[in-house]
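Structures for review follow.
Both of the next two complexes hold chain A, though its partner changes from chain B to chain C.
On to the complex of A and B.
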């Protein structure tokens, strides 16, 4: 039993990371029915910008936990900016011309460019990210959890909650929701849907950048760190449903826990299999995702 | 006036050209990953080779000609290694190539050297297959040499240390899912079997995996008393960190990659005590080693080499090649190969004194008595059993065939 709980605890923290990245996919899909396939690179850039910032702050004799907190707004702002750039360069034109695949190519290409940029600026080595919390694990009745793993879960939930609150309560957020519900109608009501879409891309990259600095202290930072995470989060977004914020959280947890359980109870070589099987099952049985609303495509 | 200047210039440039011709450099290829996950090994290897070549050139070069290194970054990618091999052979027309950190890159690139009859000195890659790829069978001559401890030697040493010397009976094997890790695992299993021990758990993981909880937990629940590893730095650090997280501490003994800076730095205190076979440890146990360590830090700064083994083996490989070219009195590939297979001069290297290191059938300069165990302690690799390097044992030589 203790082993099972230990595995679930580790699965939850990995799953929450998947969840935050997938949340970013869901944000842009809601407003524009497009995705940023460079989401993994947005995570990489966020983590690397965070690394440079936190190292600079630590160099100014600021204690690591404070440096980490001070770094967060800079990384979030960078994420917003980076997402807006992706939308302006890669997606806007495709939406304007109603291109079915243009945005796919464009966001993948931008992702590659961002990765090369990161390789040139930060090199190709994996770098150590200073941990803001003690690395000594805490024991809860024999289940051992690193403080940073708890911070990942809390931080991820907090970010998603804040974005959801913003969308539901503020006037700008309502514009986002309106655009998500019906872009044409929102446009007729005087909402500048173009800016709303740009903004959703900015928010999307912001969540990825945030996921980057959350996961960095328990792993290593480097130009390729986002590739696998971005791909897994994509599976999570499909499992959970691209139209549901809560769905991606649950999807992330399912995938994270499935991975650690398979690694232990079946074989570590098959760790990635159940997630992919689940992906195929969801695609064939409920294509809109476990929590997604079925979409009807009008022809 | 005009004509005279032109004539003088012409004469001068002719003189220059012929002078340059007399000291036409000998081109030697250098292929390794200088960026990416294996870069600490690649960069140290390159720096070691460069240090040796600088010394050789300052002392008058080889047959009066300077050595010119053609450095290429293969990024640990097989396909890039192939492109570089073709470029070095056809465009640069190198007389030999030093390098290869990654077994996969070596395997993919070596065939071009074999076909072109240009010798390759593997100075870091450890896959047992590398020197056997073109030996025997339909191949008349093998152009692939190595001065590194191959995985057969290392896995036997690891099993011996864990089972015989330290008395562990229930080892768990943790390896990555690359060629390196999988081949290493089968070598380790074979070595354990010889000692009558079977692993209680065999777990693998992918490059870039961030969570090793399930693998480490499985080894723990299987009652493992020691963890044997075949993987590279970042993932090895994740193992050490996951063990610490689970509050479980058993010794880690593994292949030489446990000496990688990325393992030592990322695992911090959790990695202390990890043991691995080393052909070279950064301690001045002989005057030559002392001089090398000082020269290295003078040239490249710092007080710790990113990968001392790679630097020392790189350094030695350049001197082996120099000796072979001088003996062959030619830069012709087949003649250099013949000279390497029957080196009459003793080459005083860092990891050993090479006395007839190769024969026509044996292309491994490092024998199983040369490496010793290193131990991670306070961010550095130190000798695990200091008596191994004490007195006249400091210099270990390959037994005569």
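On to the complex of A and C.
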């Protein structure tokens, strides 16, 4: 029982990371029905820019926790910018010409370019990311949890909550929701929907960059860290439903926990299998995701 | 106020409008009637920038708007209540109305008192008032139609385009919609109304255009059109 709870606890923090990245997929899908397949690389770049920034700040004799907090706005701003670049270079033209597949190849291509860029700037080795919180695990009735794992859960929920709050309360957030509802009608309201889509890409990459600096202190940082995370988060987005806000959190937790359980009880080599099996099951039984509404194509 | 000259527009290679010219004077209610597929909705879509015209000129208050993106045209004061209502189904009635005033709230148009205007809409459409916090997707078809009209009015537009406000409504609701159109006319809202109910449209309108296969077949003061034998035979159903 103890072991089971321990495995679940570890699965939760990994799952929340998947959830945040998948949340990013949802953001662009909502407004433009397109996705950034370079989402994993957005995470990588965010983590590496974060690493350089935090090391610089620590070098200025700033204590690690403060350096981490100061680094956050820089990484978030970088994520926004990077996402906007992806949209402008890779997606805008495809949307304009109603290309069915152009954006898929373009975002994959940009992802590869970003990964190469990261390899050349930061090298191919995995780098240690300074942890802002004590690395000593806390014990809750025998279940050991690292403080950073708690920070991941809190940070992930906070990010999603803030975006949701923005969408519900501000006029610009409502414009985003309107664009997601009906792009043409949003245009008739005087909303520049092209900017809304650029913004959703920016926000999407920002979420990934944030996930990058959340996960980096408990893993390692490197040019390839995002590839697998991005792919798994894509599975989470499909499992939870690309159009369901809460779905990605639940989907992320399901996948995260399934992985740690498989890794322990079956064989760690198979830990990627249950999530992918679940993905296949969802695709064949409920293609709109566990929590997604079925899409009705209007003619 | 709104002047269209030799408008040619369509979808891809399919040309729907072959050189259409219409004119809407300030404070006038002009109606565009015609059978299904004549190009009425296409005309409104070209006017508001939902599709880009191939050629021709569209001026709003003397300013050329042909070819501009729809959000720009809206910001210049042209509101469009589109075919099929197109309300934002996951947003509340109040938020739908607020978005109608988006250019005012965000500074692209004079702000005025958005809150007071919203309350005026609730006076004009009492059914919406009862449902103000409800999601627009849960409204009945008639209520959605009223919301679409109210949302367009929230712009405080110079010209309001209304596309088939009676479509799919019960006879009682059609009457209600037309009585609201009449009230807007009394309030000097400049409108271009597209309708299949030609008789009802000509009853409220000042001026009418009859569209046939993407071209004007005839036009004139609404009262004259109503008595035109050809128009009566084709659109007003002489049997009634």
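Just so it is clear, the second predicted complex is superposed on the first by the 297 of 299 C-alpha atoms of A that agree within 3 Å, B and C clash if a C-alpha of one lies under 4 Å from a C-alpha of the other, contacts with A are read in each partner's own complex, and residues count from 1 in each chain.
We adopt the following convention: a residue touches a chain if its C-beta (ideal position, glycine included) is under 8 Å from a C-beta of that chain, and two chains touch if they have at least 3 such contacts.
Here the structure is a predicted model, which means the values were calculated and not measured.
K.L.:
Would you mind checking whether chain B and chain C clash or fit side by side on chain A after the superposition?
P.N.:
Superposition result for chain B and chain C: fit.
K.L.:
With both complexes superposed on chain A, which partner does A:220 reach: first (chain B), second (chain C), both or neither?
P.N.:
first
K.L.:
Look at A:123 in the shared chain and tell me whether it touches chain B only, chain C only, both, or neither; answer first, second, both or neither.
P.N.:
first
K.L.:
Once the structures are superposed on A, label A:71 by its partner contacts, choosing first (chain B), second (chain C), both or neither.
P.N.:
The answer is neither, since A:71 touches no partner chain.
K.L.:
So, does A:271 touch the first partner chain B, the second partner chain C, both, or neither?
P.N.:
first
K.L.:
Who does A:203 touch here: chain B (first), chain C (second), both, or neither?
P.N.:
Neither partner.
K.L.:
Mind checking the angle chain B, chain A, chain C on Cα centres after superposing, to the nearest 10 degrees?
P.N.:
150
K.L.:
Check the contacts made with chain A and report whether chain B or chain C touches more of its residues.
P.N.:
B
K.L.:
Report, in whole Å, the shortest distance between any C-alpha atom of chain B and any C-alpha atom of chain C after the two complexes are superposed.
P.N.:
It comes out at 39 Å between the closest C-alpha atoms.
K.L.:
Which of the residues in chain C come into contact with chain A in the complex?
P.N.:
48-50, 69-71, 74-75, 79-80, 82, 86-91, 95, 98-100, 102-103, 105-106, 108-109, 151-152, 155
K.L.:
Which residues of chain B touch chain A in the complex?
P.N.:
Residues of chain B touching chain A: 35-37, 39-40, 75, 177, 203-206, 208, 210-211, 213-215, 217-218, 221, 233-234, 237-238, 241, 244-247, 262, 265-266, 268.
K.L.:
If you look only at chain A, which of its residues touch chain B in the complex?
P.N.:
Touch residues, chain A against chain B: 3, 6-7, 10, 13-14, 119, 123-126, 128, 135, 137, 139, 144-146, 215, 218-220, 224-225, 227-228, 259-264, 268-269, 271-272.
K.L.:
Mind pulling up the chain A residues that touch chain C in the complex?
P.N.:
Within the complex, chain A touches chain C at residues 171-172, 174-175, 177-178, 180-182, 184-193.
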